[in-house]
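One chain, chain A, appears in both complexes that follow, with chain B as partner in the first and chain C in the second.
Then we have the complex of A and B:
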């Protein structure tokens, strides 16, 4: 294997490769340390209307025809998106069609992968797919972690994916956009149709920068498709299929609040923290995802906002029925929605102009003239591990196996107050450790760790500590919580043995390499 | 033929527990095989935990197969011991884990008992975080929540939990089984110094005395005289009729409580949300407890999802004279505390009355008056008691700190 190239220590003290999949890399240089070279954004090839039908009808018979006409060939980069989450059928259909055509060594560039994409393992074994740059978990994560993938995995945040496409770091040859509703011209919308999923933001960069763009839909409407989230002017071909995905797995019917008393306690602490610190004030903003703790947090905060008569200017989601309730109750002016998690969210984004779809460009992209994430007052996130220096890990399990994608997690860290809400241990696995397995978020950006055994504030945030004086929340040094947990667990855990062989890298939001994921023996 | 034994649980829905199968052999030493979700982190620790128990019970030749789902050390020790006992290892030996919790000062007889959180005695995963919800008490239950075939295993788990699990400021209670099985429970748990024993299905005072005598015997043998209080549970029509005698059975009784599932079954009526069918029994219990000078504690509210229903029940319960109730889920604790803690208005009024009383005392006046109203002695007494509850609930500074009233 050629993986054992030169490794250098970066600004986070982690050893990272200088070359990844044949491309030179810059090591991480600190949160805002890296200045991009004096360069322009990537430009896709110039196209002309002379080559497209004047009727605007870009339909072709099937995916295979569309891929043929895009000139699919060995080594190309094919992208797809996770708006349909675990119900997606389009990514596999695309890769399988390419396989039938004899394509080899493709790079699959999904915005995220899900358990439904497990058959890609077979495509990698057969040489159709060379490697994946995108989140990998479950069987795909294990495949990569065990060193079975030919290239290195590259894990990027949603904002980092936009940055990589925009900067030309990843040149997408063919983008395949699965659309709940589209017209023959290629305009697409995610908020209507039998497979409605809400926002199509993750596909926007691909539609702008890819060489070729194919739209696949199971709900073709006559031009114009209104509203359009993707512009048909960027689209080469439109393919109609029976089904783009399994609607029951695309969005949940309802998202559920945790019933675990430990997690409810954590959620309540987070809400009280926002109240007691004064972050919860008229015109404030926050972001919370769709995890059980985050949803419960929203419910607790809602009560406190009602009691105090406080209205937010905007909330960012991951929208769910709970955020929609805030909007309807007049507790926020807007929802800025990056992805939509349940049916209430889908209905709201389709019908309420105050519920606005956003993209990784507006929300997360670091190589732009600012983004929304850094304007949010507080964000509530999860993690698999956090260390006593306040570095956090979301991508690997403590045993080193790839477990989660980064999603928008890294991008959200720039919020005014970044809160990790975590149980202090899971089964017998401590969450607070001496040193995280993989750094996904640097300590400079992580402000508060809330556990059921107490709340630790990064000593760097003296201002926050001052504002919380007088609060009766259980504040404790992070080391004290760790010691408590280790006492309960019967001592510190043994260290897993990892190899010295990189299987993937974790990018920072600016494209530099933050950490390396090592092969797990076995 | 070699003896076999097994204990604990395995399966996809099991967490923080383990299954242990042992086979006593004539040779071959201690052959231990561990499969665990957390083997990477605690594989050696799990094996060490098993060896410690084997050595303590003098088991030299044995095959042990462990399937673990992230159990903590006190659970591992309990399950290994249970499996060995079931395989017929009778040898006495101290296989208890090292005591890691410091026993707090004995709990005062009249301490606040607004909430008591039930923890099923054979379910380790709920135990370790129970103290975080700040109930006034936890109950490690060996009775109805434990399957009859698991009583032995639960007894070991509860014993180990009392040594290893930090329940915070909560009073540590154990609900034993009915006698005579309850005697075995007492033998296991009394050396671990619980604060209080709940006696189920109490119908007459002899049951209470028998439990009390057994506790004293065990304590005497151990040279320990830390008080262990008793809370009889009245769960039948007969028990209700004898409530006063039961409350007076020994000095160790600090409270009476009622079990409404069994009581309504005994009456042959359906238990309802407003509790009209048990109004008499509950009032009778309050009266008997008060007459005997002990606390009256209400039953549980079973519907965990119905927070409003619980709050309403608890408010009515306090209105009837109960001082607390049971919790079947941690989410109920704060709701119950809110209902059983005096409101700001109540506290304010009581403080005025107490102040007026003290002023009258200081002036040597026999009559206490507040504004234009005369305050009767029982009203003063009630106000004093309310202020005391407010202090113990943390709603007012403790007496002495502000130089206030008793």
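Then we have the complex of A and C:
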């Protein structure tokens, strides 16, 4: 086991393992500190048309047959994507089929996991799955936190997952891609069909770099499936099933704006910040997710944009009905969409050429020639904790339990202005702390913390402070907000009881190890 | 010089060199005979966002600056694409800029060259360009044929060019991509702007696999350039120029149907062949190029489809106004477009989501998991010569001179029914011969030869003969057609006087050497 291996202090002052799941690691060396060795992108195996049907028909009877034809065997890396979110039926079906075939010690490499994947715990207990590298939400995160997983969890951002696959750090043996629409050649589209989920970008790296690629669909159409976000030229086998996912859980249908007065106030502060700082100007851009505060922020900003006659060049989502409204109202030229969060988003991306699917390659990959994230003027994000040094945490809670994945959060930090929009406490636990439990985002990249009790600007951003000199927003030192909350709650949060045994690591966008998640006894 | 190297007889019975431009070669081993070694795709160098502007603005002053920043030096491989055809201004400007910087012995690697590139002859005479690997049309082909080029010409199909780049056979140092529209990040679109040319698919491999990528545009738009067929994440530098090409020569505006009664008859025969054989059935597909016979064929077929109430699933182009008409008339669900040949095609691909740009990867690459070409039910092609064994030639004339490139011709041969539509003689030179000067397509894949003097079906295609039993088309043995023509013209064509010195090789789609082009004295 690697858990007892040597630890080293990295540039963020955190102790991190030198070896993870048998592979040597580089410790975090600062935001832009690490240069990849004089290396090349991973070259997947050469294939030849001589070995594929000339008719283009790659259908096989079922998932098990496809796995057999891919030569599934012990220790392989099997990947899946999370576009169906908590409605996904394919990842588990794949791992179960591999289990029935007697496979052991698999590494499951999802782009994210959800509560619906809880049965993977049983597969880990039975030795079918050795460990998971990928965002673990909920029960799987707790299983990992308790030290029950045989390998270390490896938490990567969406961009970091692309980077790891592209760089050959993770070599995917078999990628299984669940497709709302596909043709017998394996071309896939996410925007149409009974299980439509919008963009399929999170499966793109897997389709390009995996040794073997299986497409699973419940909506087969004659060649060509148009548009094809996943290209059949990368696909080995196509499997038809009754249902790839539960549509009611794939997209929520409605995404809910917060009704909490405190959170509405935070959202309004964020919108005013963009306006007062001059970020909201003709041709600007922003990214906001699908959380309650972010959605409310979009509504406030929309009003301000209309009042000022300002049109954005692009907005980035997680797309929702609120971003689609901006597009339809002529308040943005484009939506650049990494993940489609509701039915309005799905309908829009399926029909409006200004609503453009993106991928972690275009948007987030740090080992490329630039990416979209750093071109966004402002991004509004959440966090579980932020500390007075402006480091932030999104993966663990203050009790030390791993309960969330990173998503695109780390990648978005390179925006022109990175804003954390946070209630100052949750469930009577302060959000602003002396030191975050787990660093997910380094202080260099967190520019503003907006709470209902005031707005703290990172002192590194003197330029922002200057631009906001005339604003009547309630700017305060971050320590003052923290003191307020602690006065109300009767002191800082209890320090969690952590072992010194790593259970997971948090990667930075460049593949270095930023922090360690420690086992929580209990 | 490699010209005097060892020759070996390949599976087509042709003598081919074992070494070409210093690289070991595999001789042709039959249509599907060659399996790539247990090898991987080429991995281009890893890059990092740390080395690119966070603003996404990659503009530099001019082409020379961009070349300098790419570290241009002697012996490099510089690639370009031919979407601007005979109106291209960028390839020559690039080579001239490199010449001014003192570069020598470059290998120019265009996806095709045109008469407008004739000045490259001077660059070869001066030692700036060592040799060309790529389709050579017109003057450059003759220069090569006369043995004046220092290296051997290497003729590849569009799919073979993708294969060679992807497999690392040709490592492109600097790719220069001329873009009708681009943003400062390097995202490119071919369908909009004053120099619109439609699809940019021929530049895609270069953008993905080259060490350095320069985008040159005369129509810069703010990020994001949508759609982006070339992704800025693969681009190093962006250069603005006044004009990337002469629009009047990029697309012809009108593509002309033949008026020759003989050629119209050939076109009609081809259409009737598709109908009588049952290939023309609901959901079928075909590919036809932009030649005069092919265009007339589309018109005849259109009438027959309308009469029979048959709708195609897709048609492949070279798109022209005639294919666009089919789409608009509801006679096909999709156009899958590899190259856009006229203004109607450009307008359609820019605005109609059913008119889909493709690339040599999707359509033609043989070292992938299948490709589109083998899914096409029938393809109508030309040739300079076909022999009584059903081998065909598209690169040399009967006098031995290299005057044409391969284009997608070889790749299309895997269609369900490959039809050569040919006048039986041109300029009093018979087209059907005892043995073709240069084999470009092996007899296994040529199914039908249609001439104004009759239709010859390859005896290997008994299935086709069976399906055509009730047809009143004039089927004849290929030898009978040949005899007819020779009777009229007074005998077979004179054998050309060829040296035994190779000047170029013709690659098969799998990278093996299919035939040799010999120096023509004179």
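Just so we're on the same page, the second predicted complex is superposed on the first by the 520 of 522 C-alpha atoms of A that agree within 3 Å, B and C clash if a C-alpha of one lies under 4 Å from a C-alpha of the other, contacts with A are read in each partner's own complex, and residues count from 1 in each chain.
The definition used in the following text is that a residue touches a chain if its C-beta (ideal position, glycine included) is under 8 Å from a C-beta of that chain, and two chains touch if they have at least 3 such contacts.
On a predicted model such as this, the values are computed, not experimentally measured, just so you know.
When both complexes are overlaid on chain A, the residue A:367 reaches chain C alone and has no touch with chain B.
Within the superposed three-chain model, A:488 lies in touch with chain B and out of touch with chain C [touch as defined at top]. A simple residue count on chain A separates chain B from chain C, and the partner touching more is C.
When the shared chain is aligned, chain B comes close enough to touch A:496, but chain C does not. Judged by the touch definition given at the top, the superposed model places A:233 against chain C, while chain B stays out of reach. Of the two partner chains, chain B is the only one touched by A:398; chain C is not. In the superposed model, A:32 lies in contact with chain C only, and not with chain B.
Once the two complexes are laid over each other on the shared chain, residue contacts for A:58 go to chain C alone; chain B is not touched. Residue contacts after overlaying the shared chain place A:49 against chain C, while chain B stays out of touching range.
When the two complexes are overlaid on their common chain A, residue A:452 makes contact with chain B while staying clear of chain C. Across the two superposed structures, the residue set of chain A contacted by chain B and also by chain C is empty.
Against chain A, the residues of chain B that register as touching in their complex are 15-16, 37-38, 40-45, 49, 69-73, 100, 128-129, 132-133, 166, 329-331.
Contact residues of chain A toward chain B in the complex are 261-262, 264-265, 398-399, 426-429, 452-453, 487-491, 493-494, 496.
Per the touch definition, chain C reaches chain A in the complex via residues 32, 35-50, 52-56, 58, 167-168, 185-186, 213, 222-224, 226-228, 231-236, 283, 313-314, 334, 336, 353-354, 356, 361-362, 365-372, 374-375, 414, 510.
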